[in-house]
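In this document, chain identifiers A, B, C, D, E and F correspond to the written order of the chains, with residue numbering beginning at 1 in each.
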Amino acid sequence: MPEFADLNLLPPGIVVNTMKGDPGEHRAGSWLQWDGRLDGLSAALIGIPFDGASVVRTGSRHGPDAVRRSMMYYTTFSSAEGRAMTDLRAADIGDVQVAVTDMAGTFDRISAAIATLVRRGIVPVSIGGDHSIAFPLIRGVAQALGPGRRLGVIHFDAHHDLRQAHLGAESSGVPFRKALELPSGVLAGRNLVQIGMAEFANSPQLAGYAADMGVTVIPAGEVRRSGMASAVQRALTLAADGTDAIYISVDIDCIDQSQAPGTAAPNPSGLDARDVQDALRRIGAHPKVAGFDLVEISPPFDHDDMTGRAGAALVLNFLFGLSSRPAAR
Amino acid sequence: MPEFADLNLLPPGIVVNTMKGDPGEHRAGSWLQWDGRLDGLSAALIGIPFDGASVVRTGSRHGPDAVRRSMMYYTTFSSAEGRAMTDLRAADIGDVQVAVTDMAGTFDRISAAIATLVRRGIVPVSIGGDHSIAFPLIRGVAQALGPGRRLGVIHFDAHHDLRQAHLGAESSGVPFRKALELPSGVLAGRNLVQIGMAEFANSPQLAGYAADMGVTVIPAGEVRRSGMASAVQRALTLAADGTDAIYISVDIDCIDQSQAPGTAAPNPSGLDARDVQDALRRIGAHPKVAGFDLVEISPPFDHDDMTGRAGAALVLNFLFGLSSRPAAR
Amino acid sequence: MPEFADLNLLPPGIVVNTMKGDPGEHRAGSWLQWDGRLDGLSAALIGIPFDGASVVRTGSRHGPDAVRRSMMYYTTFSSAEGRAMTDLRAADIGDVQVAVTDMAGTFDRISAAIATLVRRGIVPVSIGGDHSIAFPLIRGVAQALGPGRRLGVIHFDAHHDLRQAHLGAESSGVPFRKALELPSGVLAGRNLVQIGMAEFANSPQLAGYAADMGVTVIPAGEVRRSGMASAVQRALTLAADGTDAIYISVDIDCIDQSQAPGTAAPNPSGLDARDVQDALRRIGAHPKVAGFDLVEISPPFDHDDMTGRAGAALVLNFLFGLSSRPAAR
Amino acid sequence: MPEFADLNLLPPGIVVNTMKGDPGEHRAGSWLQWDGRLDGLSAALIGIPFDGASVVRTGSRHGPDAVRRSMMYYTTFSSAEGRAMTDLRAADIGDVQVAVTDMAGTFDRISAAIATLVRRGIVPVSIGGDHSIAFPLIRGVAQALGPGRRLGVIHFDAHHDLRQAHLGAESSGVPFRKALELPSGVLAGRNLVQIGMAEFANSPQLAGYAADMGVTVIPAGEVRRSGMASAVQRALTLAADGTDAIYISVDIDCIDQSQAPGTAAPNPSGLDARDVQDALRRIGAHPKVAGFDLVEISPPFDHDDMTGRAGAALVLNFLFGLSSRPAAR
Amino acid sequence: MPEFADLNLLPPGIVVNTMKGDPGEHRAGSWLQWDGRLDGLSAALIGIPFDGASVVRTGSRHGPDAVRRSMMYYTTFSSAEGRAMTDLRAADIGDVQVAVTDMAGTFDRISAAIATLVRRGIVPVSIGGDHSIAFPLIRGVAQALGPGRRLGVIHFDAHHDLRQAHLGAESSGVPFRKALELPSGVLAGRNLVQIGMAEFANSPQLAGYAADMGVTVIPAGEVRRSGMASAVQRALTLAADGTDAIYISVDIDCIDQSQAPGTAAPNPSGLDARDVQDALRRIGAHPKVAGFDLVEISPPFDHDDMTGRAGAALVLNFLFGLSSRPAAR
Amino acid sequence: MPEFADLNLLPPGIVVNTMKGDPGEHRAGSWLQWDGRLDGLSAALIGIPFDGASVVRTGSRHGPDAVRRSMMYYTTFSSAEGRAMTDLRAADIGDVQVAVTDMAGTFDRISAAIATLVRRGIVPVSIGGDHSIAFPLIRGVAQALGPGRRLGVIHFDAHHDLRQAHLGAESSGVPFRKALELPSGVLAGRNLVQIGMAEFANSPQLAGYAADMGVTVIPAGEVRRSGMASAVQRALTLAADGTDAIYISVDIDCIDQSQAPGTAAPNPSGLDARDVQDALRRIGAHPKVAGFDLVEISPPFDHDDMTGRAGAALVLNFLFGLSSRPAAR
């Protein structure tokens, strides 16, 4: 299994009792089971159980397994579109090796794995973990693109995550500032779109910094008023403008706490989960989208894996979007 | 109490502390208390604590009692319409005798009880239990209608429940295929309408079977886009077309998991509970509607009986619809 | 600390670990920390941990602390409006001294504290406790207005709370009838607006009493159909008509149980929390609004303080409304 | 039903699904079902859902129903002794009418009901509710005994409950001081035995008051060292010395929090539930024991009714003790 | 993998993230990972996710996975004895194929799998599932022993499980009567020992039946008084007397509800978990012991897998006992 | 407040509603309230909300606040000994400043604070956080003792915590090996006693390392057999032998999971909490004991703060031991 060794991953394991349900049904969890080969893969689900930068409430290290457990409850078929996405070749290729107490080494392994995947034309679908991992993920995509290339980013979150540092140290609130500061400006402010900022969840300083950098912010209130479809349309246009690839980062706390209670900062004025599902399906279909992450699912604060299921639904919608690209079919 | 013996039911019990609240208030639980006589009843609430066909997660055998507990928190008065439904004669007449380990015998008792009620012009309002009971319920209605009669069915669910079998055995996923296969075609595909199918919750095979049979499917996404009112209008028209009676079957998992977490397959892209309440009120008012069930409420997976309350609200809206029929007033 | 003694309050305490987060961020909890002086305050958050009149399910005595705990998770900045409310001088000045077993004495202390605040031009933002406290709160505002003045009231609730008594005794269901019966008619029925009445949650008698008294009732169903903005517009016009001040009382159970499960009577057909947030922001901006309460948050029935967070979001939106008044800026 | 009216009780209701289990098994809940007649009863279970004096955490109003629910899971047969207690005539005769906001009236109804029972030679087994009800319960027994009679009391608790008042008002911490102060000294300090006082749960003032009054205190630590059997032996001797009857009052918080988590003040150094079960069985067999209460079970703080089951086990052991008296067999 | 096919099992799956912890530590979950071969195995862990005979509360179908999850938290080393059991060859070989709705077929597969294992000299360690599976398990051992052989059984439980039937059908309360009635009397009453019968948890009829059949009953109270060591000594002597093999069946509800809350019938007067651990270690060391099951762990009623961990500890102690047999070392 | 600045702590805050209860009662939380001066203090409670080295399950950063919340439910009076410990001068002086993402800096601040306290003759009572903090705590005590001095350590835990590293990085499993490796051998193996090692919770390698180093191990099983009193006697003798001071470190997971469920590794064969309480009281009275920590309380995995209360009880018993030293009285 040389490819496996190359990526330096831990196997995801077979979730217990995978054979529940009729074999003909294509359970999403079974569909995502990996045969150990990267050739031909269009998308790779990858767990990143790192929550070492959660400075308030943690537990997102258990997020990847919660999403995996939930996958066995779903199929690959969209009733709304009358189509299954089984033609898309996607697989759960395991976990990046994480040491909660060695952030630098962990981040290097994350970037290396993601760069390997993107270079092979595989869209990484990373499940965190806390939001700090967005930085090594974006860095990995940038490494794969190579020098002189440009990246757009669409970021769903209740928070800007543009802090400089937390008490002089790393935190889950810094990844997008660090991405804006990547060498040679691979990500410019005008190609970063942030959707879902909640009321009383951010500081004027960070909003000001976003404005100064030319970042486009679409607060949750605006999504409620104008609809998610127009927000997505606007975001894709901005993120694609002059860039070679688009990266998507989704913090589960952009969703209302009634639908995503299991997270560090539950959101009492969040987006409707069904709107975010629709958004990700549209986004996945865009040809420039080259990477995706879903972070901050924290099972210890959850009720009966509700938020794990919410996360699995987001991932499936994104994959369905991928499956509708001409190349994927 | 010969009527009681005839139906072969277990008494529902008086829920503890029924007298909470002012006596003048007509708590729904008190209003539904039975005097032991069937004459003059318009609707009969009946518990069916059977979850023996739940092949994944169970607990719906506790569903009827959860709905009953919740009834004491509600009245019979609609603030929106400024009318109470106390003129409607409805009662909780108890539980069908269930043996989890004897499905055939249990199903026979269910069909017999429902047929008795329908023959007397009483609308059975059955609280499950898992969805397998929809088959004996529909069979009971068909028996009451008699030979040559036709039935329409409106089915709210995240799933088609059109499986042939599960590992060669019974399951909660088969009732509507079994109903379509009832002798002499009492239920034709073109009179079956399924509302609320969720994304990644069904298989293309079953969707194909539904299409082949002429079943009308209104996925949850379509309800979100076009509104519940138009979905209900369309469903009633189809179910009433050439039929003698309409049966309604509601799987609580059609509702979003934030509003109905206590169920076997919580739904992360479900319908809004308030839309389903409105739908059942409209449907209850239709003169052909002759039977109703609400299934898959599973208290062990619930939080503080939230889903039991959601179920009670559905039942009350359906009964309110019944109460607005000319005959009922 | 003479002011403190005058109000006869218990200190709120500093919530543990107040310094979490960057100091520059203006956490709402820190912003609300009191320096012990009333001069210059525009709004005072005050806890009223009394649930002695909850005749069904209790626990709202823990409500004030749940809202306080949640405040540390929020800032003072609205992403939607691009403005912080730090110019508004607001503080958490502590708890009224409560003896669950001495309702009369407790109510006198509540009225005295509220009257003191209103006389000084401070808007009291009271966190209950059960809804019985609305009566001494309104009485305190009336005392501050003085003889011959008139009050309007906007009341968000699933229930009318217009009962005469419960088994011949006090309860959380009586405050608004008692307010309508205050001497010299300080509150007339035509200046009382009730928003959010739920289906099957009230009695025809109380609805009839409301109609007889000229009270305006906007049921939850109407808010769903016509929108919250128009409901608020209508309510403000009615409550301001011929009155000297408007009082706002919010029972958390007006909100859907999926977003506010921790309460005595969770509501399966409630308002959307985000609509109520918008409503309170508009209302807080009205120049006549002179007092506010938020009641019935019951942490023992909650999941991970979800309802405490929902309450904090409501309070922050109301304060943000206050901060947009010309005088406040 | 004149007897019923005389006692002024609310019916307990039949717990739902009483027929679960084989009919021949004598489920405790069925055995306790009342036929409406007091003649021939040896013991009467009675609910007192009053928690209006809980000044810290409440919810014990739900205690009686939690114990009732649990009763259906038990039989009347002791495996250890090879004997069923079905010969004992015992019944659940319902709830005292409680108004949380009218303590005096509620306490009068409690005393009246208990006096009626004791006068008829029926041992009342009262399920609270908070501990404040011990005072009207003891007062009712004293009324039944009549002038000049003397009472002994054995009190299991983590706390002395000998406070004078709480903020000048009633609380659940006062009943035994009020009992010691009953007119004509029906309860003398030397006939009061308190078992189970926990570490760091009481004040030196109250311990001093107990000592001054001649009360015997057996702390939990002493029970652990010397065994429950010797504590019970000593308590019965002291409580019977010169008295006409013995009353038993059990606060569930005497038991370790691992076995009784659902209570206002969970106890991290409590008694072993199995020791308390043995103690109550021995005590019930004593011919002078004329009344019993079990208080402070608070379901909202419980996990899956564990504490309700713990309470049912205590009641059954006490009843089994009663059944072993020569008269009872 | 012919052996696999022979047993007709579903693979257990690799539990996710098996590599947590230092590789040198021999996590129990890793130690139990199967290489697909039966040769040389001394013990085989086998899941039986069947709860179709639970007539009251279910969920034990999730029991095997809860025990498996917990295994990753344990090692193979006894600190008390200073020895690891890694020399014992044991493996988790997967789940029997279960159809909740086809009890007869499921039971046949259970017996066949167990007989295959016992014939090869492998001790089956079965994790249920509800207690009904004890019958096909014992039947399978009997089939392996062959005609004319005799079996002893030690049964830990709060209940006799000697019912004839439940409402004329199968239930989890019948397995030991069915075992006593196996053809040719492979299990005689005098070789059946039942340990842990709880108070008010059984009927006199079943106790009488046990006595009539010569079954030895050691109630929980006797274990508390005389100690578990003597109970085990007595049980082994009786079960071994004249028999060819001993079978062990453990219902988790024999343990106190504070230590095993996640079960259908939590036990408020149960055995101490640590005593049962010691007992199983002693029993596992007995050379005649040829099979073991652990049943009735029900995760939906559990708190954070506490009961799953309790179960894993029981299994490990039994295996440790096995490992101390001369042959095993 | 120079002393405060010197220690570099964050204030603990006043826990909300400190005045609950009668003022004369000396609630433990009020008793521990600090006046800001170190002079005259005998013991200082200090929070260390660091869980950055928890490599499996985290949440112990919330441990200090859970213990603080619980303190308001307790007094300072021992019913068993008839004495209050109010003469002991103890205070909660706040939290060490923690950055989860900067372990080295955090550990330096911990050691510095502890050294300052010990130099002043104040016994630090540290509440974690995860067990990794034991190393900087012991290092701080060693720094205060000065060169050439010797330390004994008594360590309660289910685990040895003698790992070298976890995946090449820090973890909560390493502190005691790091302590044994402190320069100049301040802690010798023969002065380290480990109490409570659980079955199947450790590796033979670490047990072997402990033996090689001369560490004394008293497994939980031995405590059950021989009693806690003799274990404590033996431990104190060994830890005091040739040393200048004794340090105590308590991992809450030494206690059975039924009494301490809220922790990273709940223990199904743990010590009885009441035994550990007794042990710490005895140990606190020993004149050489100079420091104490309590770690691994993880509120997110807890039920209603049960484990926080268990921790508060341990701390109070240790302080009570301190208060019985001649110097302290």
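Definition applied: contacts are C-beta pairs under 8 Å (C-beta built on N, C-alpha and C of every residue); 3 or more make two chains touch, one makes a residue touch a chain.
Here is each chain with its UniProt name: A, B, C, D, E, F = Formimidoylglutamase.
These numbers come from a predicted model, not from an experiment.
*Asks:* How many degrees of rotation map subunit D onto its copy subunit E on CA atoms, rounded to the nearest 5?
*Replies:* In degrees, rounded to 5: 120.
*Asks:* Using C-alpha centroids, which chain lies at the maximum separation from subunit C?
*Replies:* So the chain farthest away from subunit C turns out to be E.
*Asks:* Looking at D-E, C-D or A-F, which pair matches E-F on over half of its contact pairs by residue number?
*Replies:* Repeated interface of E-F: D-E.
*Asks:* Sort out for me whether A-F or A-C is joined by the greater number of C-beta contact pairs.
*Replies:* Spelling it out, more C-beta pairs touch across A-C than across the other pair.
*Asks:* If more than half of the interface residue numbers appear on both sides, call it same; otherwise different. Which is it for subunit B and subunit C?
*Replies:* Mostly different residues.
*Asks:* How many Å are there between the centre of subunit A and the centre of subunit B, using C-alpha atoms for each centre?
*Replies:* 39
*Asks:* Per the centroid of Cα atoms for each chain, what is the distance between subunit A and subunit D, given in Å?
*Replies:* The answer is 57 Å.
*Asks:* Out of subunit E, which residues touch more than one other chain, so two or more?
*Replies:* 55, 166, 256, 258-259, 301, 303
*Asks:* Applying the document's contact rule, which stretches of subunit F touch subunit A when the two form their complex?
*Replies:* 51-55, 57-59, 61, 97, 99-103, 105, 166-171, 300-301
*Asks:* In the complex of these two chains, what residues of subunit C are touching subunit A?
*Replies:* 20, 22, 24-26, 28, 73-80, 82-84, 256, 258-259, 273-274, 277, 303-304, 306, 309-310, 312-313, 316-317, 320
*Asks:* Within their complex, state which residues of subunit E touch subunit D.
*Replies:* It comes out as residues 55-56, 163, 166, 197-205, 207, 217, 219-222, 224, 256-259, 261, 265-266, 268-269, 301, 303.
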